[in-house]
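Dropping the structures in below, format is structure tokens.
Both complexes below contain subunit A, partnered by subunit B and then by subunit C.
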Partner chain A sequence: MANLKVTSVTKQFGETPVLKGITLDIADGEFVSLVGPSGCGKSTLLRIIAGLEAPTGGTVAIGDMDVTGMQAADRNLSMVFQSYALYPHLSVAENIAVPLRMREVTGLQRLPVIGGLMPGARGQKQSIATSVARAADRLEIGGLLNRKPGQLSGGQRQRVALGRALVRDPAAFLLDEPLSNLDAKLRVQTRAEIAELHRALNATFIYVTHDQVEAMTMSDRIAVMMGGEILQCAAPEIIYEDPDDIRVAEFIGSPKINILPLERYGSDLSLFGRSLDWHVTQDSPQVMQLGLRPEALHLTQSAPRLRGRVAHFENLGSEVFAQIALEDDAMRVTLRATPAERQMLGLGAEVGLAFDTRSAMAFDADGKRLRKIEAMAGVTSEVA
Partner chain B sequence: MTRGWWKHMVLILGAIIVLAPFYMMLSYSLKSPGEIDRGVGGFFGRQEMMVDPRCVALRQPDRADIDAARARFPGQDDAGIQAALQAETETACSMRPVVFNYTKAFTEAPLMRYLLNGVIVTVSIFLIQIVVALPAAYALAKLRFWGREAVFGLVLFCLLIPVHAIALPLYIMLAKLGLTNTYAALVVPWTISVFGIFLMRQFFMTVPDDLIDAARMDGMSELAIVWRVMLPTAIPALLAFAIFSIVAHWNDYFWPRIVVTGNRDLFTPPLGLREFKGDGDGSFFGPMMATATIIVTPLIVAFLIAQRRFIEGITLSGMK
Partner chain C sequence: MAVSDAVAALPAKPENRQARTAWGLTAPALALMVSILLVPVIVAGILSFTNYSLGNPGFDWIGTQNYERLFTRSTYEKMFIATFTYVVTVVPISVGLGLGAALLVHSLGRIGDIYKTIYFLPVMATLLAMAIAWEFMLHPTIGMVNRTLAMACGTWFEVIPFFANGCAEGFPLWLGDRDYAIWVVCFIGIWQGFGFNMVLYLAGLTSVHRELYHAAEMDGAKSGWEKFWLVTWPALGPTTVFVVTISCIRAFQVFDTIEAFWPQGGGPNKSAYVMMFAIFEKGVQQNLIGIGSAITMLFLVFVMFLTLIQRWLVERKVHYG
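Right after this comes the complex of A and B.
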């Protein structure tokens, strides 16, 4: 168990920069997810932390010790791979025992026949077997110990890979998209199990995923990565409700956040040419973007801020998502409605939308969050 | 008749062409010299008792034998005793052709010694080839280093060099080192198999990188990864390579003929066949074919055993 510190790590593959100065502090026992679209550098960052890849610049420290130049094996980290990477020729028990055998048994003792005759070999064998059995029990794979990986289902292989990570009692667990090869149902179940395992072990977890649901449900903190940078690293609810960047707002949340153009005329803000009764100072940027989560929108009959036509809707039973075409199909927004409102959402129906000002987010043209403007607008709208 | 009958005809024809020499070899190894010369007797020959002329010639009774045998043939003159002894010898020297051929194969030349040499040479070559090829293939497939593509290009280039083209320089080098007529001369030139490196490299390319990273995380050194992870997963590819390597060097006549010039103790099985090459007094086709049969049998048996492992293999399915 240890804290982990990544300081201004950069990585270049040839001319291409993959990581552009990543700094990340992970506390002891924390569960941090690295999330982002494919190619954002999250796996590379994990491999640098693991020691499988050398950074071009910057340092990695585990438990306050600089390990940047240290080999993967000496860092005492465990990694679970997307493909599980089990040794196909070894049984489940042997697979789980490998990290212990490599660490605790000398080369001489590992020799086939002579090894058994070396002093202390028997006791070591016993203690390894005990550790393997304990890890297997914890993951409920005790009955599979004599099988080969080829005879296991995807979920079982995944558990064996977890067992191999668990058995060595590592400083931190690194998980590289461990659930992406499982079917949807098993994924939900295993997700909960990994979160529970984290609580039970109270160990440091770094979890790479492109699935925002996994990140949201399991983590203490989420680091959203894009283009080789961490855009924001915070608790899941903050990432969702209070994103720093439009890219974070767009990546997290399903269906996607609605982004609408916002313009300033004098001190007045307007949306599609209609004034919003929001007043800002004259030095605010001319063009801005307004972010609205689907649940921030609601149907209204009186004085709607937006008008449109229902273009498509999806009924999920507990909720309905409707796509509303605004301003003659120039733009579409997604609305999250309750099943009770469904009859108002027939295809082609004209609807009026209002939104909760406090949950609206303003971004500048480059996508940076404009909290100052929101504060100004929020105050004025409350007064109005 | 189905429409694909002509395909079967072509295949059957091909099979006959391939199998005919083996049929002849096996058949000759069973027949008597007379039957071979006259081309009669079908596959098995008639297996009539035959007299080994060489055996009789060697045991021709001399004066002392006749004197010693006088007691057994009372009242006979010397010529009579000689004739009786001659008859006894002929009975003792007569046997079935199949027995004659196969005993000759083992007695005429030290065939067991040749077989043992064959085993020593092919197994040494194969083991050293693996020791060289596996780490090389691993490096070429999975490690990133400067000039890797150039080295792989050299490997491909070496595949194009025919053995016979470099036989003479190799021989001269070995001769200068004083290594002709040694096991080393038979083994050393073959220990680096570019074909093996190429084959294993192509196989290693298909092994997921995650498996190697997992092994590194588990604390294995690069060499440990080669022997503990790559070798076990590569068994099917290694078996394919083993067949190429072992068949080629077990059957090789050319190279042993060049570097083993005098010392018969170093003869490999194919060189042993030469022992039955008739010089003036005709060839011993029966024993020669018996020897050939004995030589190819281990290969056929080994292939049949390996064939099952080929199909089973250790699949990489445990990784996905």
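Right after this comes the complex of A and C.
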């Protein structure tokens, strides 16, 4: 177990830059998720950390030792692949034993007949079998040890791949979308099990996923990647409640955050031409964007800040999501309501919406967060 | 009454009717298969117990005499020796070279296509035409091979006994030398066959999952050798079984080289008298259909045996399904 440090890593495939200067510090025992849309370079970054791919620039250090030029086999990392990458000709037990056999047994001892005659071979075989059994017990696949990967279900294969990763004691675990080939129910269950495994092993985990729910539920910290850059790396609550960038705000959270155009007339901010009574200094940008989570909006009768018609709604039992068409269908916002408010949300019903200023987020036209503006607006609205 | 009952009962048994239709539809194909593939084998099997010659009005049953001859006469002993020498030499080397070439070509990317074409050229060329080219090259006095070897005379190459001998007493006659003849045939067989094996292995290599190599690296496989044994070789198991079987059958069938080099007799002192040539010589040239059929039956037994081994290996050992 060790900490892990990635410094200014860049990667180009031919002319195409895939990673544009990634810096990431991972503490010993931390669970960090790399999350982002497909093709943003998550796997590439993970493979550079693993040593399967050489970076174009920058360094990778494991446990304060620079390993940038080191072969993957020497880095002492374990990896779980998206396709599981189990050896099809080996049984489950043999698959799990491979990392031990390759590392602890010499080439001569691995030979079929002669190997058994080498000194120490018997004891080694015993200790490998014990380790394999322990890993299998931990993942509850003890009954499958003699089967071939071809005879297993997707979920079982995934467990074998995990078993192969944790049979030894690596510096860190790297997982590349390990759940994306499982069905929804199994995914939820395995998610919890991996998180538990992390707590039990107290090991460093780097977990790649494109699923924000996985990232939110499992991680100590989330690194949101987009277009070959890390936009923000922070605890899940901060990523959700206090994003630095509109792309982070849009990627994390389901349903998606509502983005509305915010305009400044003099020192006054307004939404769809109606003043919000928020006052800012004259040097603020002319055009901004306002981000409102679905739960930041609520229905109101008196002095609504937004007016619209219910265009669609989804009842999930414990909560209701309604899409409200604003300004003659020019824009739609999603609202999270309680089941009690359901009868107010009949299709086509006219509703008024309000929101709490403190939960609103302002971004500039390029999507950068404007915390200064929020601070000014929040102060004035409390006075008003 | 009974007839109408039977007719009425028919629709109640749809499986019967279906089975009958199925057999009806299969019949033409089945008849073709039997008459084209099985009947000739059966006829050859029957003829191998006779002394039949083409054109004769009749024949006598001579029991297992043909087979007894096969296992007692020295000509046929030479036939077995030549055939097995050829198979045992050509199969492992052409499979090994095919695999090696495939691994190299596979790692090359685009330039690999050029090598692929070059290595495959001998497969596409007719062996008969190629044999004539080889005959020229191997000519004892004016051939390219011996002239090239002679260039080594007078240099330090003479330390090697082969060159010392060759320079003093002349280089081998190759095709005319009973110690070399079969090896020349083997060499040409390898030269001609490994490109085919390479293409089969290249097809097999494309199905090896790339992530397996990465997994092997993470699991501690440092050298290409370790990765080969952990990933490539097992993944090529089904291909290898197929390639070996095909190579064996092709090796058993070797004929055209020998026919081109020695149309009259299968090499100096019958040292390259392989089975196919024996069948041709006995059954066609000398019109001894009986003995020709007996060799054919033996040949079929070998090939059948190989095929059964292949089936067993494929089902038991190399299918990871």
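Assume the second predicted complex is superposed on the first by the 384 of 384 C-alpha atoms of A that agree within 3 Å, B and C clash if a C-alpha of one lies under 4 Å from a C-alpha of the other, contacts with A are read in each partner's own complex, and residues count from 1 in each chain.
One rule holds in what follows: contacts are C-beta pairs under 8 Å (C-beta built on N, C-alpha and C of every residue); 3 or more make two chains touch, one makes a residue touch a chain.
Note that the coordinates shown come from a computational prediction; the quantities given were computed from them, not determined experimentally.
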| item | value |
| --- | --- |
| Fit-or-clash call for subunit B and subunit C when the two complexes are aligned on subunit A | clash |
| Partner chain in contact with A:V98 - subunit B first, subunit C second, else both or neither | both |
| Partner chain in contact with A:S78 - subunit B first, subunit C second, else both or neither | both |
| Touched partner set for A:L52, first subunit B, second subunit C, both or neither | both |
| First (subunit B), second (subunit C), both or neither touched by A:L299 | neither |
| Partner chain in contact with A:H89 - subunit B first, subunit C second, else both or neither | both |
| Of the stretches 8-16, 62-70 or 80-88 belonging to subunit B, the one that collides with subunit C | 8-16 |
| Contact residues of subunit A, present in both the subunit B and the subunit C interface | 47, 50, 52, 71-73, 77-79, 81-83, 85-90, 98-99, 102-103, 148-150, 164 |
| Touching residues on subunit B, where the partner in the complex is subunit A | 208, 210-211, 213-220, 224, 229, 232-233, 314-320 |
| Complex interface listing, subunit A residues touching subunit C | 47, 50-52, 71-74, 77-79, 81-83, 85-90, 98-99, 102-103, 107, 148-151, 164 |
| Residues of subunit C touching subunit A in the complex | 209, 211-212, 214-222, 226, 230-231, 234-235, 237, 318, 320-321 |
| Residue ranges of subunit A touching subunit B (in the complex, touch as defined) | 47, 50, 52, 71-73, 77-79, 81-90, 98-99, 102-103, 148-150, 152, 157, 164, 181 |
